[in-house]
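Consider the two complexes below, in which subunit A is the common component and subunit B and subunit C are the respective partners.
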Partner chain A sequence: MAERRVKTSTLAAGLKGFWFQFRKSKRGMAGLFILCIHVIVALMAPFIAPNDPIRPTWPGYFPAGEAPLAFMMCVPSWYKYLGREVSENMEVIDGYTFASEQALQKWNVAISQPTRVSLSYNPTGGTLNDGCIEITYSRQANEAAGTSSIRLSYRFTYPYKAHPQRFWIHASYLINGTVSPSTSVHVSFSFFREDAEPLANYTYRGPTYQKDSLLVYEYPLITYDFYSPVSPWRHMWTRSTKREIFEKPWWYRAPEAKIFPTSGNYTFTVDVTFNDQGGARTQQVKVYLDNLQVLLYGNAYGLLGTDADPAAPRDLFSSLIYGSRVSIFVGLLVALISVTIGLTIGLTAGYIGGVVDEGLMRFADLLMVLPTLPLLIVLAYILSPSIWNIVMVLSFLGWMGFSRNIRSVTLSLRERSFVEAAKVVGAGRFYIIRKHIFPNVVPLVYLALSLSVPGAIISEASLSFLGLFDPNVMSWGRMINEFNGSGVAVTKGFSDYWFWVIPPGIAISSLAISFILIGYALDEILNPKLRMRR
Partner chain B sequence: MGLKGYILKRTMYSVVLVFCVLTVNFIIFNLMPGDPIAQYILSPESRLTPEDVETLRKIYGIDLPYHERYFVYLRNMLTFNLGKTQVTRVPVVEEISKRLGNTVLLMTTAIVTSITLGTLIGTFAAYKRATKTDTAIVTSSLILGSLPVFWIGILMLFIFAVYLKWFPFGGSVPKWWAYTPPTSPLEIIAGRLYCVTLPALTLVIFSVDNWTLLTRACVLQTITEDYVVTARAKGLPERRVLLKHVLKPASLPLVTAMALSFAGIFTGAMITETVFSYEGMGHWIYMAIMEKNLPVMYAVFYISGLLVVIANFIVDLVYGMIDPRIKVGR
Partner chain C sequence: MTETILKVEKLKKWFPITRGLLRSLFSRRELYVRAVDEIDFEIKEREIFGLVGESGSGKTTTGRMLVRLIEPTSGKILYRGKDIVSMSDEEFKPLRKKLQMIFQDPYESLNPKMTVFDILAEPLRVQNVAHGDEIYERVCKILEDVELTPPQEFLQRYPHELSGGQRQRVATGRALILNPEFIVADEPVSMLDVSIRAEVLNLMLQLSETHGIAFLYITHDLALARHLCDTIAVMYLGKIMELASADSLIKEPLHPYTKALLAAVPVPDPTSKRAEVTIKGEIPSPVNPPSGCRFHTRCPQFIGEICKKETPSLVEIGSHHYVACHLYR
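== the complex of A and B ==
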């Protein structure tokens, strides 16, 4: 017991002395500082990064995960402070607008035939039974047929000078009652733009009308026609990238740019039209609407913008933050495993010698003779590039140099008198290796650990860059690979997309540098021989 | 054991190593997922009957058991009968000869430049040891050395190809050569240089720090030896001390590293060539692995292994000549 206490206290004293020496090394402290930043970022990633790094979606969108987070290839949103006209994401109408009576107050309702059409709030209906709106059409058998409609309009201000990149309208609906070709229901969405005077250089060929001395431009989007009841709940999506969105073909190209040319007041409307062709029977149709969401996607997002994935663009800032986890994880684990393998093989080969030595060292030679990077790629390809397989492959190909080093040190230690003494006393081979040889190579182990981490980090990044990345994990190499694959540099120039490739590169380099700096500081402390004679 | 015995032993060892390389290659590439015939069967327009598949398997030799295939493979490799590429059926040797020139140009330019620069800077740093200059050189080398090569390449492209437009975006020969082939040798040299500069510069930035640090470490190790102090004390001129007493013994590890990096020319610079879409060995090997082009992979892994073994063999012999301490046979 006492012996152990002495041991711990000497260890503590050793560590203290070591820290005292390490503190004097400016390089070492700089490396430690950079490393600490990286580790903190990696640990706090879920709190720092606002979005999922692989498949981010619009938060709070129903159905979950259907709407992308942002438009592709957005510029950082802080570009607005540099005097650039940007547009940001905007949730014009959130999904709860039909879920409570208060939210419904914001809507302006106009009904053409109030005796037949009525609007009410149904607190128990809806896709999640959290309330929805209910539009009822009823005609007695003795009344004359005709068309009646209801218009729900929502006025909002679009604050950005730049036009949005895309709009995305979703609604859930359910239609009940005597819907038939003779009594059909039409649901249509439209945008209206109010303008004091028409914009210059702008040709508009759609319908306009005058209202309170303002010229109002109407942009009818697609109309959904129903000739039979719809149940259960279904979704309707109206996205500006869809070709069939407009009824008039001249708005096909870049509709969002035509509808939202500049900031101003806009109105979004939902029209439900009941086209009753007649018939002697009593007609009753109920249209339920829920989860109406109108999203406008801007051309700026987040701190670093988004990437070029057309279906689900990723937030580059979140990717960058989560990337630190992969690099630190792979770097540390690979260093640990490969140094352990190298240590075991080096000690065994060096101390036992003979056939074992020959066999192990020739195996190391063999692995060193094969071309490293192609071999890495082939092995990663064979094993399929999951993060664990990449760790395995990198560790398997990373131990040779260190084991040679350990072997040569062991060879010289083996001949020392303290080993001879231990042998004479009758100590076994593994006892001697453990108690007499291993403690003498521990400094080398620390050094190798800190110097093989950057190699592993760069190798992992290179494999990712070449396309061998785990599809479920975002890494810095993968970000650069995706940048290269998108061809943005060639097609769009570098000026707006530097934040896609510069930050991950700096991140990889700074993490690698931190370990190298620490390693060199360790080297100067642990190998006094290197301390320079002047 | 005399010199002859030593050479014999090293030769035997090298031959065994080459056999091991061949065997490991065979094992690894047979472990690769997927059947080489599958691409014919799985393609939607394929109308192959089972008999056709059998014939194909016979043509490719996949119907043989593994050990027979192994011996056929060994015979072919040792006689440098490297076969044809998987899909395009072009002889592998022809493909290699098409690309080797490009790669040799790129790699020699890069290696020679970075070795020259690196040894000069390294010696200078060691000579100025423990001064601010030394610290600055070492720190900047460490930082340069930890930049990933693909990132350096992309930055080079941005700076020199996109902004300044001094050099092309990629390729190994200028694009206009396709319409107006070069006529004078001067034009050829200029065009080649035009394309090779950026990838070579990337490689130099990537590897010069290695040479600097290695040279500095080697020189430092000898510059503090007692015999150097003796030489100075004798009154020898500083230049003579540096060249004769320091650089000569310090160059041993450098020679090894140089030999190995020259042996590595054959596989090219995979990442750099991919970034610059340079038509060299590295890019080709990468594409071959991705397309599972087995004959190419066999050939490349075998030849590059062979070159490294030969380089090691030569280094072992040269060591004895440079360093009197390890003169063989005394």
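== the complex of A and C ==
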């Protein structure tokens, strides 16, 4: 038991002394502070970043397919405090609209023929059997045919002066009826603006709506002709599109701007029209509507806006936050691996010497004289740019300098008499390297670790900038690469989209600088000659 | 008659000089530093054998060969009749317990990253002779032996927290902890302050008596050798010039080189007359040692061609007094 009382490890004591000296270095503490911020951000990324960094989507239940998180090339939402007119994302009608009877109370219902058309809430219907609305049309065989309709209106306030960039309307529907084939059901969505000037000659696909002082914009959802009486649930998105931009008149080019020219009160309506062409039978049609959601996409999003991906724009702030993970991970892992390789090779070459030394050092020279960046690009390309391959390639090309360093120190250490003293008591090579040489190079290992991290971070960012990034992870280099690739700098001007490039740039350099500052502090501790006189 | 513990026969160490590629292409002659050139001597049990000579005479190389830190070029080292030169490392490892070494510089020979406990426990661990508490007890015991008391106070110290004398005591303790029969002490006090030399030396003497250890004591200080050693061998340029018991070597030096060395020893008496034996110049290069007697270039008693041509062999003149000089043929 007595032996256990004796301290046999020097590591803890060494670290304590190390910290005591490190604490005195202002540069070192500043570096450590910056590094801590980065590490905390990287660890807490899922809590800090609101969205997925690669394929963010609008949260919610959309059986018709995911909706994008935001419109492309949004500006930061805090631009509104700078006096800019911005519009933000808005969920006019959320997914629970038709999920309860209370929610239905908010809607205004107008029925043209109340005897034939009725609206009710079906608590067990819907795509998830959690309730939906049910519109019933029924006509007795002896009654006259004709058109009947029901209008559900939802009044809301649009708060932004700037118009939205897009609107997406999601709906699921099911139609079930026993009718004559000539009967059709028509469901459409419309936006109305209160107090709007009439717009002359405004037509769009189908019926023209121009009623007193209301601007009408109508989107047909379905026109259902009864070839088969029962349909399964259908889910669909209806969205403003710019596809017909060259075919339509000028005012069509930005329908959102026409509908929402400014802030104010608006009405969203769902119209269901039953075109009963007659028939001797009793007509009965049930229209079930569920999962109705109306999304308006603004031109501002999040803390740093969004990128220019047309299909699924990313939240740049989330990308920035998650990017720290990649940089720290790659930086630390590459430093760890390359320092381990360098240490092993340096110790082996230095202690064993001879042919082994020559072989290893010539191999190191060979790798050293190869131009690094082209080699990195070729290797990363051949191996396919996954994050592990990038780590492997960077580690493989990062150990040579340190191994030479360790070799030279080992060459001098192995001639020290404490090594001979160990030989005299019969210690083997491995024992001497482990117990005598290694503890004396440990400070160099710390130094090399901290100084090889920034190189690895910047190499990773360079590779990513050149397009050799892992498609499954977001990194800072990739953000800059995507800015470069989007052409925004050319088409829109760099200063309009500075928030896309400057933050990742600052992040890369501040992380690199933090390690360099720590390295300086370590260097100061390990090389007393550099210590400033105080 | 005490038993011979270590016998050295025709021990030779020539270090090859490595030259650049170009030079070795043009000249095929290989050059060697003839550090030790066919020496013979033997050390008996409990004997303190002094090896004296100038810098570069090969005494340290000899000492290091005896503990196999250097492989000899040729020759034999017989430890109790067994040749340790031809042994493999595995065969020799248990013998290392018996053959230990104390190094010259206690500031160098203790690993600065290890505690005193680790330094002293290392031989026990490497040789696998003690475990757990036994290590602790033996370390404490050895610290008491080398008069570092109380041992508990020193166990957790690092070498830089010790004085020079304390360090050399730790180094001595490290050599003793395996209970060796023979220790090579390579100028163990030359790096120490004069005031603590005597302490350390007396400690070593006392330990050799109590533990029954034979020493090969390497020094350039004849006065110290006389005080300490039973037998003294004088080396010059890799050869033993004279070998005798300490008293007879000091009182009746036979070889001119020994005489010159003795004459150079300062005497703390301003009135005493010095013998007028002086040697001039530097020790010649061991790469091209002088032909014949190695000492002939500087010898004050040079007697002619024979000194240049024939290498004198070590011959017994008096009782247990050997000298290699043409004067005594």
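To be clear about the criterion, the second predicted complex is superposed on the first by the 463 of 534 C-alpha atoms of A that agree within 3 Å, B and C clash if a C-alpha of one lies under 4 Å from a C-alpha of the other, contacts with A are read in each partner's own complex, and residues count from 1 in each chain.
Operating definition for what follows: a contact is a pair of C-beta atoms (placed from the backbone, for glycine too) under 8 Å apart; a residue touches a chain by one contact, two chains touch by 3 or more.
Predicted model, so just to flag it, every value in this text is computed and none were measured.
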Dominant toucher of subunit A (residue count), subunit B or subunit C: B
Which partner does A:480 contact after superposing on A: first (subunit B), second (subunit C), both, neither? first
Now for A:439: first (subunit B), second (subunit C), both, or neither, which partner does it touch? second
Does the superposition put A:501 against subunit B (first), subunit C (second), both, or neither? first
Between subunit B and subunit C, whom does A:417 touch in the aligned arrangement: first, second, both, or neither? second
Is A:371 contacted by the first partner subunit B, the second partner subunit C, both or neither? first
Partner chain(s) touched by A:431 [first = subunit B, second = subunit C, both, neither]: second
Going through subunit A, the residues touched by subunit B and also by subunit C turn out to be none
Residue numbers of subunit C touching subunit A in their complex, please. 64, 67, 69, 92-93, 96-97, 99-101, 103-105, 108-115, 117-118, 121-123, 126-127, 132-133, 135-137, 155-156, 171, 174, 178
Of subunit A, residues touching subunit B in the complex: 27, 362, 365-366, 368-371, 373-375, 377-379, 381-382, 384, 454, 458, 461-462, 465-467, 477, 480, 483-484, 489-490, 493-494, 498, 501, 505, 508-509, 512-513, 516-517, 520, 530, 532-534
Subunit C-touching residues of subunit A, taken from the complex the two chains share: 1-3, 6-8, 10, 14, 416-418, 420-427, 431, 435-436, 439-440, 442
Of all residues in subunit B, which touch subunit A in the complex? 16-17, 20-21, 24-25, 28-29, 31-33, 129-130, 138-139, 142-143, 145-151, 154-155, 157-158, 162-163, 169, 220, 224, 264, 267, 270-271, 274-275, 285-286, 289-290, 297, 300-301, 304-305, 308-309, 312
